[in-house]
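Next up, some structures in structure tokens.
Consider the two complexes below, in which chain A is the common component and chain B and chain C are the respective partners.
Then we have the complex of A and B:
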């Protein structure tokens, strides 16, 4: 569905380097790809795709291959913190909407970037959006992705930061040729080393132990019962010999109480 | 008094020894055999045997020489065990937990995190209290056994629905008044991550997210899409994964209310427009919140589909309904179908075979409609209606349609 846009928008999509879950190879990050897709649908040509890191990184070409003529890269070393550089750049550019992924696929993946940028720029932040439905008179209507496939509508004034959920439309296919031909512009950036991070140790993830069902029984009889008996929930309310109308009413009340209707 | 029936060796000994001066007062099994009026020996079946430790009657094979003291003392079923109270008078520090309270109740992740908070409090010097900050309507009754020492409950329309900015303002107020040692949030899509991230950005703290092994000194958290373990010093703000620690189960806690000074109204930049109706059947079955499931006991399928649409429920089915061709295969719930996580599962005409029950193991509230009051689904259900499915669904359909109509009218009045 085409969004209903009644004004020209400056949009920045922030992208990071993704990591394939099985092979660990670098790739276009899933959510960042969606952020670019959403930005392209909204902003058309006024979209800036921004990365903070190494401009030589080949994975950036997979974003460019979505049909971008150019990309901006804030030139940073691996130990540098991306947030000050991004905040500084955005402060100067003053876009209307900044789109990010929810969590990066590499590094700390704390998901803090949108929040920290919003705090520094003093903008509102919307987490996990599925779509931007319309923008009118400087107010955007945003569709939030809730758990269990639910959606919530929000209105928020421009400018704002939003992180894009997996429920957003999928990123279009990336073409190799245009990706290689696209221009990648390295920009000088504020460099601030991430000092906290140097005190960490990183290791390959260990599988988490499964939680065992521990039976805290004091006597042999209790242990025997726990091992053999069917787990019995406390018996619920049974409506028997009651007219169907009352039964239905009772069920309906429960549904109302649980707020599922 | 303890429920366990104990033997009294002295009484048994007296009962065995007919020459003992107290033998007459104990007299076991005396009444089991009496001589009837015609001179015949009669057995009194009520006096035969004794009640065993589990309240079950046992045949006395010791011919009255056994557990004399056990006689006549019936156990009154398992008694409610009162857990010991864990109280903290003047806490030296606080650890604050902000549970998700999905549907107004603590989730299992919330409970694990309360357990984690107690684990950390125990290791830190001094006496710490675990504070839970709850927003909006709460239906939870077991804060005490979940490990809440202090409760800050913030209610009111400003906290209803989607209100991260107001909630953040309240948390900042908690920060200034309690100066908590740690903030623990569930790392979940139910709002915990969002709120935790907002607080971390506001306070300028660097949080640990996706943490799963935490002591008060070191934290191990996941990074790089679950492929990396990061070990670091435990920060003040933590967002914890599921099953990070064991929930509290051996103590009771005080749940003393803490009143906050007035929380300033936050400037609301995100205006909530309410939840949007989505097609319930477009939601994947495994994620659906409310499922209306059909089994072999459904005979009017048009009515079933109509009811599901009126209630706004996602449709599910048992294997029999699928095998008979009434429902598509991807709607099957159970071992060979989908394992569902619905909060409310309404099972109509489903007997509750074990293969089906496995699939609904994670459901919160099960409601059964069945003709057979003895079937397994009724035993599992929190509410069961015994009767014909067609009749009850018909009434339910009527109620749902009335409810819709009323809501529509209200909406129109509000608009007018």
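Then we have the complex of A and C:
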């Protein structure tokens, strides 16, 4: 469906370097690709595709291959933190919408970039959107992606940061020709070493034991329901009209109980 | 004769118009891209190519080959002599008699053309082609009458000016078709363009019985690694001699009759495609096309020009993606036109410039790029199938007599049965064989046929790099597609990794083992067996005999299908067709299975994992499908120690 855009929009799609889950090879990141796709569908020519890192990285060409004439790259070294550079650049550019993936496929992969940027820019952040339906008079209607294909419509004032969920339309095919011809413009950037990350060491992930869901279904209909329905957590508690402190305490207790902290 | 200057004036006028037309036509071809051919050598070799290479193909239809020899030969001879006798007025009875003989020959040929055209098969084009036999008859008969007085059979001036005028009208008609039409786009254009196409063919290696089937690489280094255009978007992006080749088409429709996609009702007809290329190179619409359409698409709406994007108005991309690259059309074309080259050239544009490979295309290409196999499996798992096979890895042994190229069948459980059977046979024959394990990459076949030559070239170069580290005399593979790439396409990338290495299909290699007595086999006791020739083994590599000899060595008498050998019908699995999956009315694999069924076979032997997958995809009940390696392995008498 064509989005209903009633004003000129400046959109920035942030992209990172993806990593293929099977081969570990660099690639166009799944979600970031969707952020570019959404940006292309919304903004046409007013789309800036922005990366913070090495402008020589070949994987950037796979984004460009979607049909971008140019890409902007904030020139950073591996040890530099992307957030201050991005925040500084966006501060000056002042776009209407910043689109990101939910989390990167490599590096820290914390999923924090949209939040940290929104905090620095003092903008709202909308997490896991599937689509932007319309933009009118400085207000955008976005579709949030909820589990099991559900959607929630939400109105948010421009400017804002949104992370793009896997439910958003898939990135279009990347073509070799436009990819190699696109201009990749390196930009000078604010450099701050990522102190937290430099203390980390990376190790291969071990598969985690999975909690088995025991389905006591007798008929096919029941099995189908068990496979598709939203799990009904029996232990859940709804706290309404209770002071925020008690609510927080309740969550804290649960986390302790589940041995998360 | 009264008004005896009239015929010579007509001849002179027709001749000059023909020359002007020729210059125009040549300039249309020259809009294409440069391609190096030796012009003089080509022209010198042309008559021989016409008499051998072209006529070898025409010869498959005896009626037509005789007819064409008489008509065409008579015509060429007549023209030479007409110029002498009627234009330059050489007054020589012997010449006149020779001319009469040539004309009679042509006349007789034309009668047979006429007869064929009375009830033409659906594959041949109608329209202007229907008037051709009449023009041929008019041309030859009128000149016969005109020549009679010169030969002294009739007195000069017979019939007076009335006859001369009538004769002149007929001559004008005949000349218009034969001279003017030849270079101004009439049916006789095939003679002019065809002759030059034979001389300047892009694949000169095809003549003299040669085979040239590897696709030509895209130059990715042009313009500093940023080529202006990849693949063919407009007719003028073709090489000039490809354009010339399209123009040579006689619309005989032999390609159409052989095309599996056409038969399946997919929107492809190789003849119409070539005619659309002619529309493109000359500019205009397909309204005058008088042959079978692309199934499901009406004729008359296609428009194009040398500078217009082909896939925007001239040819629907679906047409290009329907092709299985089976080469049945190329094999059958008397004019030696290269349909597959053209189709892949245009696919290259769609994939590498437009990013519009249909259906699973984009996903498969992404996988190939990211994991070196089309399904995105972990590259480290490539050798898992061989965990229990005790096969040495090249990485460890560095050197072996035979390198077994496993191909992507390594990831597929059905194909693994073929791989294991082959290994069993190799072990039984005590061959010193090793594999590359997870160092092997996809051959690039699918990427290349889907138009992503960049991905193909990257794979080819990396494979060659790995191959160059080891020592072996022979590569054997069970996959005809990998076989084709290794044997016919990897040579373009400046590596010496395959110098002096023999690349063989497993049936060829196994046949050598059997003929040398290295395998102890029990005769086959099952029912009737037929053999399906994989396109990439047969038409691409000319191997029709080894698989048959192997089956015979088991005592099998092959119940051949009507379409076998070089006329084998594709299984539908080549060229990425199952990936782009363009809908038709039938499935190609089902049609092939019907071919199998007409032989009454209970088992169809194949030599390709892709064919196996396609034919086994046909719903049961149907004959069993087995690779020849599997059939042999079942008959192997194992030594007991």
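Throughout what follows, the second predicted complex is superposed on the first by the 208 of 261 C-alpha atoms of A that agree within 3 Å, B and C clash if a C-alpha of one lies under 4 Å from a C-alpha of the other, contacts with A are read in each partner's own complex, and residues count from 1 in each chain.
Going forward, a contact is a pair of C-beta atoms (placed from the backbone, for glycine too) under 8 Å apart; a residue touches a chain by one contact, two chains touch by 3 or more.
Being a predicted model, the structure only gives us computed values, none of them experimental.
Chemist: Check the residue A:260 against both partner chains and state whether it touches chain B (first), chain C (second), both, or neither.
Modeler: After superposition on chain A, A:260 lies in contact with chain B alone.
Chemist: Is A:178 contacted by the first partner chain B, the second partner chain C, both or neither?
Modeler: Once the two structures are laid over each other on A, A:178 reaches chain C alone.
Chemist: Using the touch definition from the top, say if A:221 reaches chain B (first), chain C (second), both or neither.
Modeler: In the superposition, A:221 contacts chain B only.
Chemist: Based on the superposed arrangement, let me know which partner A:203 touches: chain B (first), chain C (second), both, or neither?
Modeler: Once the two structures are laid over each other on A, A:203 reaches chain B alone.
Chemist: Residues of chain A touched by chain B versus by chain C: which partner has the larger set?
Modeler: Between chain B and chain C, the winner on chain A residue contacts is B.
Chemist: State whether A:167 touches chain B only (first), chain C only (second), both chains, or neither.
Modeler: It touches nothing on chain B or chain C.
Chemist: Looking at A:158, would you say it contacts chain B, chain C, both, or neither? Reply first, second, both or neither.
Modeler: neither
Chemist: Check the residue A:66 against both partner chains and state whether it touches chain B (first), chain C (second), both, or neither.
Modeler: Touch partner of A:66: chain C, not chain B.
Chemist: Where on chain B does chain A make contact in their complex?
Modeler: 53-54, 103, 162, 165, 189-190, 193-194, 197-198, 200-202, 206-207, 209-210, 212, 222-233, 243, 246, 249-250, 269-276, 278, 282-284, 287-290, 311-313, 343-344, 346, 365-367, 369, 373, 378-388, 391-392, 394-396, 398-400, 403
Chemist: Considering only the defined contacts, which chain A positions touch chain C in the complex?
Modeler: So the residues of chain A touching chain C come out as 20, 22-23, 25, 27, 65-67, 172-178, 180-181.
Chemist: What residues of chain A sit close enough to touch chain B in their complex?
Modeler: Chain A reaches chain B through residues 19, 21, 24, 103-112, 115-116, 118-119, 124-128, 141, 143-144, 146-157, 160, 196, 199-206, 208, 211, 216, 221, 232-233, 235-242, 244-245, 247-252, 254-255, 258-261.
Chemist: Show me the residue ranges of chain C that touch chain A in the complex, using the header's touch definition.
Modeler: 225-227, 229-230, 351-357, 361-362, 365-366, 369-372, 376-379, 452, 454-455
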